[in-house]
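Next come two complexes built around subunit A: one with subunit B, the other with subunit C.
On to the complex of A and B.
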């Protein structure tokens, strides 16, 4: 009896345990892991994502393109960095894209994205990006996802406050992070003369509405502060631009302490319509500078780099009513304008509040001259006169704010690792969610435009630690996707990113996907070394340069036997991909090549430069698995000693008297 | 903190164990730091790295009151962040100087915001080693309030009230141990 009771008790306990266990196992499904909403991020195999997410890659100098909501990485666009994956910055055609006044600079730190807009809404034409180190701006064509233009910025050092954009893509801006002696001044000064000799600049770069080409319309000389971020006004505030600044103390050492001394720094408000008037009135001064402007010609597939030598600079001393300083607590990082353009949100990264300024009140304060003195001659607006209100105790370390389509703002909090949702009108905090970990930027599709799409917010985090399987000391950065369609933000996806994302934008897929270029038409290829058919292939010597007009088509390279090259020669392989079929690139790599491969899209010509450094036979091959006979797509180049009299000679297949052979014969004569 | 962690780890182990043994439906283990679970940065298992300010404080027998208060104020994750932080850390004895009732009240859930305010008044964002605590300077703390420093011959006093007894480096900042609780100025 006793035994039976015990057994019963045991059984009951076991059942209880099993029940408990089952219950405790339940939340351990994928669904529960993301709070039961993981399916919202699921995009079935073969289905498209809803948004293109164009993400800065930070120190990889690239742009990562992801699909949302799946978080799938679709493309890496090399911008400021050489990219062995497709030969960008290695091919002769793309090398000039990375030229600067300092020469070839094959790396930069890409922080922010600005998608082109019309009437304040995304138009899907171009993505702009900034180079933070050697100050540059880049333009990516959203029909090819290629970097098509890079413009260097004179009078600048650390192009951080960039490339923010006006509502009709009239201008993208570039505010210098570091103030420095301007380029036409003697920069050989003691660093502790900072307060006297260091100046900032803001560049307004115009964008040609047809070609997209960038041009520095004018620069504005500013006090020697550090510009951090910026946003254009829109709607009611169109015609104005807002730049956050720090180090208004003008410290030149140990900024972590010395640039945090003041309670308030400034958001600089720029009336750029007024600036345009001053430019028209001839108030600008032409300054001698040097900066590179690099443009890709899609018809020749070649990039041209030009050094420009002049820039127009406006001095606020000659241009009243153009600049105003809005006091903003504690080293503001982000300054963001809401979709109506009325509210300007400053995020003082060390502040315990988020100030929201009113554009209308600012206009009134300017009219009423409600100034609290001047900063280097620029009127400082009275804080209370321009303040709409403060978000109290939002969290720790506010950095950036994006907006949804319902009048709400979302601010990233670095120190407290969270996104805080608040209402722009009543400034009340509505919700907060943790991020994993230490969020920097955040991005809502259409978030910086007049028409946010809402729906999602992505957190781009600075610290990953244990989010994914560990990979030693160096970890991928993490991003989290939250559904913001309801009142509460819900985490639906956690995905790793390439590089170190800073800002990102998202645009509905339908605005871009239908415009995609699939192939380059071979008949439109105006490359000077194009071979529009195998009959046009040839090899020519010009001094110690050997030019190879080569073609690639499934599954051979023409020519694939090349002789007559001598030690010390520079061999240029100009490879034209004869395919006219989407997604059939060919590549070329050669043994000992000290650059990279080149990857050639259908109808395109790309050039690989190779130094013949020693005697021997050097194989080359197609690097892209283009066909079933890809592995057969290969050839040889023979390198003879410097004084050799081996003639230039080339062919593919046996040496019949075909048209190719005829060309061969012709070229063989007298070119060696 | 450690206890909480240990407990959490034990619970996880129990739950993994039970999943593997008792059910056949669970085929794949999900991450133990699954989203939704709201495990913050303090939950990262890492015994190799230098200790952060929270871990340093947690290891000090003289700071049990402070650590309890940090937990109650839900600031553990924030202070585990990259920071960097300068934490002015009152000892247990310093807390004992406060009326017991005051402290008890602060530890109540309904007074969490007030406790957060006080604790954030003890934190500066940035590393202020002793050499950077300059006589006559004020420093703006995380809660928005200022503290003043007097530094006479290396004897550093905060708000004319709290002496820095010793300073301890941490991975994400520095801890200055002080002998009095700093009370934020009332507006």
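On to the complex of A and C.
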């Protein structure tokens, strides 16, 4: 018995000691390590994150904005898709933003983010994003986090290689994933005439430095390959742009096999300064096309959609020394330039190495004409003449590369599901960490700029599996945050995302937070249906349209009793939010509305269109909990039969003494 | 008997170390983190208006009365009647004889501070149950509104 007790004592002491040693403020086991490092992602309640993380939402057509290092979701910006949450794409003001040459297209696949830059560094003005499916580019204003402009792209299909940006935001680009017959040609051709009839294009879209407005400066017609991704040169390579391509085989069926036949595809180098010269010299040809250009005016709060009918196209056959092909192993996906602009990293999805090209060597090879023939008339540079070196055995399935501030590169490996850190100068692999699971893009704050912050890298993964509590067949996409401030990468946070993130960028909080718009000044509201004060509220009939000038303030809508509407009328509620205080939006929803609610920011006017489809009384109310009397913020609209003679009548509170309509109302009621 | 208690005691002892240690590690890192994050920027309010700053003169300044009415129509009318009837907020009829001029102007320009500190403002909130919004009115505009209120109360 005593022996047994002693044994127990010893065991207990041993376990205790082991536990103590394990927890002696220096975690040693894997589980404890994750716990300890997780503190680095901890942002205390009431404190702010260091970075805004602007994340593409992929097939949700939105941008998600997260704080780093906490991974907290702080905003969803609807871009290419309707958003019932705030009425984007439903309100009369925002519907034109989703107009295209195909009409209203309320969805797209948003893949990549490009934050505006000055001198190659983030300047916090705008975020650009691409619509992949019905080719479009969008601009989000980073003082309001609103989509303020969308430009459709003609001669394009599958706008994947976009919206990468030059170092002073001179241009954002758009390269075609799908080659197609150009818009002014007869597209009614057999698909197997691909090699003869299908072309790609690269669009250079200029950005007005004051307004931010986008305009297609010129397009370059290219061979019918598939452009995948791109990056602008910077520093010494400023003036050049690099586009990865696949399917240089020009296959039009079973690309999985047929576009992977060749040992090497191309990174296409574009000398865009040269292209500008050709444009000036009149080498471009004007082509008849149709594309929509949609712009929000923040003074009227209205979006205008314009159809444009012309684009300027450069043909490489007329423009020598503008394009060169760099051979790159096996269907390159990412093509990324390092912070100095000297090194161009190609990531061949199916390659066993990562080639690093030298811009200086490329210039020399061009000068020395070290060409290995031509591809559709475009010089193909000799691989060895432009190669700086190869990263050997990096892992499987390299996709994208970002850079830190210490001369290191970080490449995402889809197939082997890891991030590999390597040194750009000596091409030696320094570290590797697993991701969960199958990483696509990765992002370092400032990673694509001349000034990376090099503190964190985020992995955006394609497969989630067991990372979170299971939620049926469809799972949130997972992201992981790693601390890269030391020699070894350390996993510090695992967080779910919205949609399917592709590329993302992060920018220091102080570059954006100080310039946030908090309210729209009501004095500056130039909406054609604004009510500047309750004294201007009214209801007017124009044919079968009824316009309601309505105001919202805590906690009533004016007018809140409306009569004289008839079945078949289109009723436009033009609601002005009279509040002038931050974070006091009001909303409006009405029974039977087949659009969505609208959310109106302080000082803004938004319009909800509602069809009166039945006789009866229809309630409406404020949808955004605004005050203790929010639940009282409501009203009624009376719908009478078509042809009845109930006059237009409205009020809030006591019936206005001047209103005669109120007294004659019942007498005048129609009989049908 | 003591022998059977000892292991338990040892266990508790070890566990205490464990908690103490991880607690330290936690708070230490958390604190260093807060230093690197930016602090919340405060709402900007004009300075509180002192009674000595507001001089009332007659006859009324007609330009101010007019400007005050315009701001009233745009930003105040929704909640304040010109009679003494309360709708969302108290009616303005008789207000200039009930309240000090500086108090009125502070309610307009510094409403959040007033609701936080001023007992009279707090009483009104209890009655109305809707916080008076900050309507982004400048000090000058508030003075114009005051002039309009005086006219509304019959001052010539």
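The rule is simple: the second predicted complex is superposed on the first by the 622 of 672 C-alpha atoms of A that agree within 3 Å, B and C clash if a C-alpha of one lies under 4 Å from a C-alpha of the other, contacts with A are read in each partner's own complex, and residues count from 1 in each chain.
Here is the rule we use: a contact is a pair of C-beta atoms (placed from the backbone, for glycine too) under 8 Å apart; a residue touches a chain by one contact, two chains touch by 3 or more.
Given the structure is predicted, the values throughout are model-derived calculations rather than measurements.
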| item | value |
| --- | --- |
| First, second, both or neither for A:40, with subunit B first and subunit C second | second |
| Which of subunit B and subunit C A:434 touches, first, second, both or neither | first |
| Partner chain(s) touched by A:491 [first = subunit B, second = subunit C, both, neither] | first |
| Touching partner for A:509 - first (subunit B), second (subunit C), both, neither | second |
| Which superposed partner A:594 touches (first subunit B, second subunit C, both, neither) | neither |
| Common ground on subunit A, meaning residues reached by subunit C in one complex and by subunit B in the other | 17, 20, 24-25, 35-36 |
| List of subunit B residues in touch with subunit A within their complex | 15, 18-19, 22-23, 25-26, 29-31, 33-38, 40-41, 43-46, 77-78, 81-83, 113, 120, 125-128, 132, 140, 142-144 |
| Touch list for subunit C against partner subunit A, complex | 3-4, 6-8, 10-11, 13-15, 17-18, 21-22, 24-26, 29-30, 33-34, 36-41, 43, 73-75, 77-79, 87-88, 129-131, 133-137 |
| Parts of subunit A lying in touch with subunit C, wherever the complex brings them together | 2, 5-6, 8-9, 11-13, 15-17, 19-20, 23-25, 35-36, 39-40, 42-44, 46-50, 509-510, 513-514, 519, 521-523, 532-535, 551, 553-556, 558, 578-582, 584, 627-629, 653 |
| For the subunit A and subunit B complex, residues of the former touching the latter | 17-18, 20-22, 24-25, 28-30, 32-36, 254, 256-257, 260, 263, 330, 349-353, 393, 396-397, 414-417, 434, 436-438, 462-463, 465-467, 480, 491, 494 |
